[in-house]
Structures are given as C-alpha cells and as structure tokens.
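Two complexes come next, and they have one chain in common, chain A, joined by chain B in the first and chain C in the second.
Let's turn to the complex of A and B:
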C-alpha cells in the first residue's frame, strides 16, 4: 500500500463512511417494513447488498482486513436474502444492525489490521455464518419458458436473473423497450425514463446494442417487468420514446395484437424534461457529482475575499484619476465594469456557499439506528418520526451537530419516554414518539428534538440546583418556571443521581449548550409534565458567513458576531460603579460587568464622544457588556484568518473586508469572555448575579 | 508504451486505487467511468488499450458492457479485464464466456494489476507478431 498516496486512502475512508451510513439508513427502512409485516422492496435489499459488497471490495484493497472479513460474511448472507434463499427475521436484522457500529469502529482504528480485534471479529463472523442458509423452493426455472434470447441471458448477472424469475413468479409480464439515446444526455434521459417507469414496472437491466447507434447516440434495450397491460405500456412509451415489445411465453402461440393497441400515443407528456427531473432521486445522480474536501471550499472562499480586496484596490487606483476630464468616459465605463464585477463576486460567494450545504438527513440517518438500539436496551417502544430531512445546512455544522443531537436523542429515550407499562397506565399509546424536525427559519436552521414522554418537573430541577450549591435557596424563589427548566444547562447540574431523579435531562446538557453556542446557535427547552419535552436548537445556516454588528472603537472598525449579542443600550459614564475591582453597571436591577474596549485594546480615546453604547453579550450563563464608541450597522461578513504569525493573538477570530476600502477585525466573543473573566486584576465574582 | 485505460466501477475508491496503481511511472493513462452510461460515452469516442470493468454495477452491468465492447469495432484492440469480489460465482464464468481476457478478484494489489496487464499485452504481441 505504500505507493498509494494519502488522498487515495482518504478517498477510501470517505466512501467507506458513506457506504456505512447508507447501510444504516437502508437497514432502518428494512426493519420498518419487517415490523409492519410487509414484504420489503427488492431494490432496497439489493441496495443493502451492494453497500456491503462494495465495502468488502474496497476494504480488501486498502488493507482493512477486519472490515473486509465482516463485510464478506454479511455479503454472503445478503446475497442469499436478495436471491430469495433466505427470509428476513429478527436475528438477521440484529446482526445487520450490529454490523453498522462494528464497521464504524473498525474504520476509525489507527491500525486497520490490529490483531487485537481478531477474536471479536471472528466471533461475530461465526454468528453471521450461523444464521445460515435456508433451502430455496424450486419450482423449475420459469426463464426457459420465455423467448428472452440466449444473448440476453448470457449477460445477466445472477441477481438480475433472480429478479427476472421473481417477477415472472409474481405474474408480471416481461417487455423489451428499445430506444435510442443521445450519449451526451443519456444519464438525464435514463433518469427521466426511470421516473416514468417506476410505478408501472421494474427495470431488470439495460443492454447497450450496436444497432441503430453511432458516435453521438446509442440504442439501449431495456428489459422490464410490469403488471400494466401491453396496450397501456405502448400508449405510454411508443412514439414518445421507442418501441415496446412483450416477451411472450413460448408455450403460447404468437398472438395477434388486440385492436385496442391503437390508442394514440403521446396523448400526455410522459417523458418529462430532464432538467426538471434530474433534481429528484438524488441517489441516482451521483454519476454527475464529485467529492470535495471542505477545506478546498474554504480556500475558494478565501480567494473570493482576496478578489474583493483587489477590487477595492482597483477602485482606489481609479479614484485617483477622478476629476480629470480626459478620463471622464473611461471612468464611467470602469465604474460600470466595477459594479458588474462586484455582482459576479457576490454570485460566486453564494454559489460556493451553496456547495457547502448538505441535507440534515445525513446526520438524522445515524439516529435511526441509535433510537432502535436505545429503545431495545431500555425495553421501550419508540417510533422515530423525521421531518425536514432535506433541510440543508453547512457541512461543518452537520458534522459538529452529530454529538449534541446524539445527547438529546439519547436523553429523550433514556429518560423522557416512559416504559410500555407506565404509558399504558397513563392511557398513552404504548409506543412513544420521538420526533426530529428540521426547517429553515429566516437565516437560521431550526432543529427540534421532541418526545411525548414524561416531561420535566420544574420544582425538582430547582431543588436539585439548590442542593448542588448552584444557586442559593433565596435566589431560587424568584425563578420563573422557564428559568427552572433552564437550570439543566448549568455546568455541574447533571450527575448520575439526577438521571433517575429528574428524567436525566441534565446529562451533558451544559456540554450540548456549549457546543451549540460555539457554532453561533442557541438552544431552548419547552416541557410539560406528563406530556413531553421539546428541545429546540437554532443554528446559522453557514459558518462561512456570519452576521455581525459593526462597531467603532477608538476610531477603528470591529465586527461582533450577532449570535452572542443580547442587546445594545446607550452607555453613560455616570452609571459605572466598581465592585471588587470590576467595573459594573446596573441594568433592570441586575449587576452587569462591563469591559470598555478602547483601553482594553490599548486604543486612544476619541475625544468628545457624544453617545457611547454597551453591547450586552451572553456566553453560557455569563453576561458581559462591551463598551463601544458607536454602532455602524449589521453586515454579513466572511472572516479571513489573521495568518500564522498572528495566530497567538487572542480575542480576534480574524479580519473581514467590509467593502469600500474598510477593514474590520472580527471579535472572538468566547475568547474575549475568558480573557476578561480570567484576568488577574479582578476577582471572579460573576456568580453574584444568580 | 503508455496504455490508454478505462476503469468502469461505481466505487470511487476502486477507481482512485486503479488510477494510482496504473498512472505511476506513466505505465498507463487512465480514464474513469462511474456508470455504464458514462462508459458508453467514453467508448464512443476513444479507442482503449485496456478496459477494466466491475461486474456488479447498477443499471448496465459489467457483463453487458463487456459484450458491448466485444462487438464494438472501435474497441477491437482492447484488453478486457473483469473485476468482481465474487471470484468463483456464475458471473465470473459468464464474463469469461463473453470474451473477457482476464478475471481479477477484488481485493487485488497494485502489482497484481500491473503484472496482469503486462502479461496480457505480451501474450497479444506474441500472437500478432
């Protein structure tokens, strides 16, 4: 393997990860069908087989021995399943679900060949093998009864042959559809054809033929099985697309086509425009997609930033010519071109952002398996309902979101949803519902984790917080119900004991909140005792662009991310008091520490500053007011890093170009908070607020 | 000579592997196709020295593609290699019947592939020369 470059290895890991995620998603669908006692879709089983099959192939080539061994054992099992030699049952589903976690763990190993793993892998493979074969019923090969032709039969894979048999056994009629496709647009045309056929027929395979084709086009023979009468299929496809021909059973005499086949073809538009259709069925459109490292997109975004700077510099150079009548016409033209350039630049920025977007379904699909497992561990019945899986959000956010959401989902099942007996006693449906909802709201994406379990007991939360010394008994009396619920976000609130006492909502909730805050998001709780709990996470759609408040400090511009800002109020020097070495003001009866950014940044005071402002920011459970000279306005900014040499300077996330030759430093609010509260000249006394 | 090679496989990792394996030291120039449809497009305008095809692909499978290549006048000089994880299944047997020059079971190594191609080219040259 040594001669394979790193990025080839990366390619493997990326694909393996995708395959395992697809496997996880498809298994859930399979399980759902099984629970409803439905016969699962043949194409679903084949997809599962294909994921494992491909994984096995690539794992071997890249030296992931254990992954390969497990995939190999599962492949045989799934092959039996898709070829109808094995039936789906709970033991089978269990080993399949089990495999997902094993694959994920084995793919993350430093040493993919590690001998330590061997006993465990061997034991699992033995279990898989023990599920074994069931003899298939054999009622003679129906294929021979049909005039499919040996040339066609010789190129079918074992699976395609099996599907052909299965379709015949189910009483479907076989057809040949002959059509010529333009090679440049063949993927779109096939996609369109597939969409038309989907409900009416199963496509067994596509056979390319040399007849009727040339360099630009090719004839395909599509072998399909359908329950729709021949006349209807012909009406569907003939003329519009190509010729449809039924493949007769050979025991029959050639039949004279019924008169009814003369229904005029093409009475409705059966072949939609490829442009409209290619957006659907995204699984199939992978042929036209590429995988890109997100860092490359960051690089591109940086180039856009650089271009904006160049544009500014060009503008400055041009403005030097202003007022010279000689250049009047050229200047007007340059001005027009400059604006056109800016428009294109904005467009480029939007397009790059668009590429970063992925559907939240990517992370939701992981939870399907977790819900199933957690429910089984606790002997509860939980139905997962997902809405808005197509809601798109920045890839980086999706990655960062997985862990916090996992906490929320686990909490909801472990401690929110009641046991079957309890639910029956309370006259609730025995099956609890866990809903994952996602939707866009303005510039944000909202994700809700909602359960119909026992809800949270606000008074108990308050008692616990007091008993843990997180707030005084006196202070706790003034809390509203909502404030009591919010206590779960306090660091130190959650302990093992609280898990059983209080529906365990404290488990890692402070971590969840911190993670969400780091992404510039907020998290809130709504809970009704006995009815359920809803945790709402609101996040920006992208991290690449942030909404910022532009402020002036000491005559310079700074950008403060809006996400951390609670409010901005006029500042008056008379209101400032000093408590324990810290400057504070009183707002609505509460003490707010303030940090005057002008001296803090070592800048010179601007004289005769008429009205200054306090920007009240919130981070975790702390508040801090930043005193600034002036508010300029809100803008979307792209943060450019300050580079290696300045990376040690704390308090700044980077710089941004505001256009019109204005540059601003972007403040790193969490860093400023920790700098301020850890600074030696003042005593940490913030908890006094609570 | 540098072999003009087409790899048809729906796994991007396999394609990347084959490309890295064959393009080292200019052994081959590799073009990739993710689907049978993409392969048809490339086959219509290029004459390949080597075509490597995965058996199990959605839609147009590797066997169908192989049969097509066998009949295509432009690809008469091509060495056809089938790859699949199921080395002993009926699909492999069919591939050989359809005129595959070799069947390579996944997983295979860099050297397996290069040695195989060299051997096949050598064999052809002896026959034709």
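Let's turn to the complex of A and C:
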C-alpha cells in the first residue's frame, strides 16, 4: 500500500520535474526573444501556459498545495499575457524565472504541505498577482477597421480575438481562405492545412461558411494573418484549397450589431478549437511514450547477459557432438541457428542500450537559466551558445553530469568572463560568450565548457598551491604550464573565501574531477590568459557496457576498460630503471612510469612468465603503464557493482561475468591512477608529462 | 534481490502464542551457528570464487548468482575462530542483510531447527560478555551419537554482516 503510494508519488515527481524543466527551457526562449526586442511567439507563450496549467492540475491531485498555489497564480498571469492583457518585461520575466527555482525547491520537500513554507509562498503569489494587475498598453481596438464581419467577431474566443489584434498590430495582412473539406476526414484535413500554412501564415480561426458544402463536405472560412504578399499566398493555396481573399482595412466602422444566431448552433462542435486541439496533440504524444525506471532496463540487460551465457553453454553442448557423422547434418543446422540467435541477441542489446540514451540537451537546458542568473548576479553580459544538444548519452551519465557541469558553468561566469567595463577596456565584445559543445568521438562523448574570459594565470595558481602547502616551493619550480593549470584539481586547492582574489577558478574542481572520473571519464583544461578557458570532459557513451581488454594478473582474470588504453607492448624486466624508487621504462624516448599489478594487488607472482606486457593507459594528460602477465582478449563487458560491502576496496569498478560462471574484476583505471600518483613518495615534478 | 520489508528476527512476536522460530544451523569450525531461516535466501553448492585483491581477510571473494555479483564472507574468519585451516568450501548460504545479499561460506549445513522461544537463552539474560551479533544460545538435538544435544549460537545477521568492510 505504501509502496503503491510511493510509486505514484515518484511518478508525480518525475512528471512535475519534466514540466518544470520544460518551463525553464521555454522561459529562456521567451527571454531571448524579449532581449532581441522581438514579439514572442504566441505558441511559445501557450506552451508555457500549458506547462503551468498541467503542473497546477497534478499538484492538486497529489496534495502539493504550495506548488499548486504558485502554479495557479502563474496560470492567471500567463493567461493575461497570452491574451495580450499584459506586456512582457523584465519584472514579469524575473517573476517567471523565479518560479522555476521555487517549484524545484517545493518539489524536493519531504512534506509537500509544510506550513513553514506558507508565508514565503503567499508572498510570492502576492508578487505574481501584483504584476498581473499592470495592464498592457492599449493602442485602440483595431479590429473594427476590418471587414471581418461582426458575425465572425462575435464567435471568436478571447484568445483568438487577442491574436487577431496582435497580428494587425504587427502589420500583418488578414486573409480569408475558403476551403472545402470532406466531413469524414475533416480533422486530418485541417491538421494538414495547418502544417502547410504554418510557415506562411497564422490561422486565427476557422468557421463553417453558410453557403458551401453538402452532406459529405463542409466549406470552412479560414481567417489568416500573414506577411506573405497576396499573390504568393494565392499561388500557394488557391489550387489546392480554394479562394484566398484579402480583408481590406476600412475607414468607416461597421455598424451592424452582432448576430449570434447567424451561426447554426451545434456547428461549432465540428470545429476543433485551436486550444483544445493542441491539448489533444500533447495527450497523444504522452500516450506514445512510457516512463520507465532505469533499474528495469538494468534488469533487462541482465537477462540479455544471461541469454548470452545460455547461448555459450548450448554451443559447448553442441560441440560435444562434433565428429559424430550421425549428427553432421543437424550440427550444421544448429550452427546456423546459433549464429542467428547471436545476431538477434546483439540486436536486442543495442536496442536496450538505445532506450537508455537521452539527449544532453536535458542537462544543458538547466544551464540556460543558471547562466542568466549568474550573469545578473555579477552584472556581466553572457551569451550562452549550445551546440550538439542532441548528442545522446546514457541516462545515468546525464544525471551524474548535472552537478559537475554546473560547477564548470558557474566558474566560467564567476571567474572566467570579465565584467563589461573590463571587457570594453580590453577591446573585447562587451558580451562574453559561454559555449557548451557536445559531440561524439568514437565510443566517447565529449563535452566542452568554453569561455572567452580572462583565462587562468598559471603562475598565480602555482603560488596559491604553494601557499596552501599542497606542494613545496622547490617542487613547484619544475612544473610545466599545463601542470600548473592542473593544480586546480588538487583537493584543497581552493576554498570559497579565497575565490575573489584568485585570477583563476577552482571552486570544487577536485569534486568535479572526482565525479567525472567515477563515471569513467576524464577532464582536462586548456587556458590562455586573456583569451579564455576551455574545460573538456570526455565520457563513455554508456556505463552499462564497456569494451574491455581481459588480462591475466597473478593467475587471475581482470578486465581493463579499453577507453583508457593507448597501447599494449611486450615487457622486459631489463628495460626497467628506477627513479627515486619509482619503476620506469623508456618508450620512444619518453619516460613512462610503470606499475606491476601483481605486487600492487598483493598477489603472488606466477613463475615462468615467458612474455609479460605493459599496458599503457592515459588519463587526462598522464600516462602510466600497468604490467600484466598475459593478454587474453577483448570483450564487451557489463560492469556490475561489487556492492556496498566491498565498496571500500579501492581499484575495482566492479565485476563482470565472462560466462561459464567465471568472473573478472573490472579495474577502475582512474582510481588506480590517482592512487599511484598520489602515493606519498611522488612529487608532482615526477609525474608523467604530456 | 533486495531485503525483505520485515526484519528477520529471532525474537518472537510478543503477541503470538506458540511462536516457533525456524533456524538454519550451520557448522563453522567446531561450533554450530544458527541463522534465522527468514533471512536465508538460498543455500548454494560453492560456485567458482573470484578473489578480490586488497579486500579484508574475511572476504573470500565474489560469485555470480543469476547475474548478480554477491560478496562471499568466510564465517570462521569473520568470527575469528581459531584452530582452523582454510578448508575447501562447504556451502554458501545467501543471507539478506539490509541493502544487500551476502554469501556466507560455512563448512556444513546441519539442519533446520524449529525453536520454541522458551528454548532460547537470550544473550540479554546472560551474564557473559558476548558479541553484539549473538542473540542467544539454544540446544538442539544432536546428529552425533556421542551427545544427545548440541549448543547452537544464534546470530543476528544484520549485526554480523551489516556494515561489514
């Protein structure tokens, strides 16, 4: 019973979250349009209205009364906005943006009814209402200057009337299109017309004409507003639909009183109202998608894994029959079937993985608001440019990515992009640019957070690191510029109170790095003083399946994620030299630190190792060679967690089933790297140089 | 394979009259230990173990059970039983512990005993200084001919295995 309630609650929260995200996204578009001094797209305001309206509805159902109260107030405000009773402006936008934060906070509360929130919510609602009471400027009603006909005017909804006014005000020409529709397919036909017209004109309304039509068909009069010249519009529609005529502006006012009876009652129901119709469209799109708990997909993936094991077992059983001439024919058949089965299995796996994929735009859309806010806080001008929002990654990664990326975005604005005055003085455009780029690169997805701000001052970073005791002054002299930049990733490099006197950035960069590493990714910095900074995050596309190299260490099997491997080369003990207690080999003239996994893991050496191998791995701009006993082969593996109990054991990301009940531990390359490089004997100057 | 909603317990419901508690008795070294049967999911023939380097001694490794990775602990090692060489694995019992299923390696599974609550001598009533995972002791009919009764030490699996590192 409580489980059921939890489920329902979860579903509500998920849906509410999506609505708030959509709201946030749309508000940004609205803001953009406003900043460019454009009139906002009517459909956008409708979209916002609908999100808030739906949120109000479901919040009511689930007892989120504060969310409901805010949504209700906003709904009224937005209704005024879309009916043109209100003008869009900064105070209005601020209130709207504010709501996103409030919704998110209220949705995260334990007690959705919490009385503590009431004063705050009431105050906000009062602000919303006060804004709603500042009516729009009225420049006289232009409607009556057109020969639209009072019969038509009288049946327009308030919204349609507003759109009509707005279109006239924007200097659009009004047209009347007469088109005949088959009664049985009227909905589809109107939808089709809508699609055709969308680019050229806005449909204000359609009404049945009183003249045309018969038992099977009906003639509609479609009222259009368009900027396209009459001749062009005629060329587009006349042949296909019917006559287009312009509605001229008149100098005298029509005096005919409205005649409500001129439209036969009941006819109206034939016509989908624009409002309801778009409502239906969204309902339909909801019905076509299902919200699925990601764990269910994990379960499915497990079943696929099991199936693969069964397939291997069947293969073994079959090969037991091999050589018996009696089965020769059947064996060939079984072999063929087996291959078919494998193909289908691979397909199934791909499809399941595909379901887990979501566009990165889901995260990026959150940043749009943050950028706007942070820029305001610091009185800076920041333009956000997003590319590759459609790049898809595993849902789990998207979730995990939100926080680290948020840090990077905030840092770029707080510490990267300069104030307007500084930029002017430096002859930079007053508006700073923050770019979020995402793209696929092989089996990885790359996300760049790039700003054209002041860049990082490498020497200052070095001084800060020394002053915080993170490295000695002597050691710091040997650092390359890149190594100095990388100092920001050191734990304890920066604290909040020191941020302002830093030319660089660094709030929680170590946390960012840890989070990215945990996902199997890497993060790197490029920065030029005065030009800008680019932080690049490279992540695997999915966490569910990775390609791994299976290796033998101390007689046991381990899987090494291939994403981190640069190459594998034969190892010979003679090549090993020691520098300050560290084993290194020379490869192509470069010194490569190596780490023999057998003693590192506390395993016993297997004797008579004829040919061992060094697997050269790369993480960020460091390299490390792992010495292993043997290479077994490459495999796609599903990494499964070792569970809570073994989570404190370092160096393993999980285990994977290689079939036949054999498990291999999956090495956690980032963890091994940081363990190796942070162990006490090593100074930063000793680290591998890129 | 998540933990059941109700906590496996050896303490009978005070409301119920004829509370018998089924207990799985297992042998580790020379002693018998009892796990509440309600916490035991499965008894496995030992599958191939995969050692986890760097894990504490009482972790034997991990095994695959229907697609899940299960950690296996050595009961003797965990209880620091001495006078014992590492023997070939006897049985692995899968025990539900809070968030996780944990495999407990034992030498032998002895029997399922139906204990009446008055057969149990609770640790709280004993003066001896016992580990917090010992709920109490009970006597069960012996399998061997030498004695008629054997002592079984009743274990609270959560206290023993929960939060193990």
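The rule we apply is simple: the second predicted complex is superposed on the first by the 415 of 690 C-alpha atoms of A that agree within 3 Å, B and C clash if a C-alpha of one lies under 4 Å from a C-alpha of the other, contacts with A are read in each partner's own complex, and residues count from 1 in each chain.
Definition applied: contacts are C-beta pairs under 8 Å (C-beta built on N, C-alpha and C of every residue); 3 or more make two chains touch, one makes a residue touch a chain.
A quick note: this is a predicted structure, and the numbers were derived from the prediction, not measured.
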item	value
Which superposed partner A:8 touches (first chain B, second chain C, both, neither)	first
First (chain B), second (chain C), both or neither touched by A:540	neither
First (chain B), second (chain C), both or neither touched by A:561	neither
Touching partner for A:662 - first (chain B), second (chain C), both, neither	second
First (chain B), second (chain C), both or neither touched by A:416	neither
Which of chain B and chain C A:361 touches, first, second, both or neither	neither
Chain B versus chain C, judged by how many residues of chain A each one touches	B
Residues on chain B engaged by chain A in the complex (per definition of touch)	10-14, 16-17, 20-21, 24, 34-38, 40-41, 44-45, 55-56, 58-68, 71-72, 85, 89-91, 94, 97-98, 106-110
Footprint of chain B on chain A - complex, ascending	3-5, 7-8, 11-12, 14-16, 50, 53-54, 56-62, 68, 75, 151, 154-160, 183-184, 186-187, 190, 205-210, 213-216, 218, 286-287, 291
Contact set on chain C toward chain A in their complex	47-48, 50-55, 59, 62-64, 66-71, 73, 99-100, 102, 161, 164-165
Residue numbers on chain A that touch chain C, as the complex places them	302-303, 305-306, 554, 556, 601-603, 640-646, 648-652, 654-655, 657, 661-665
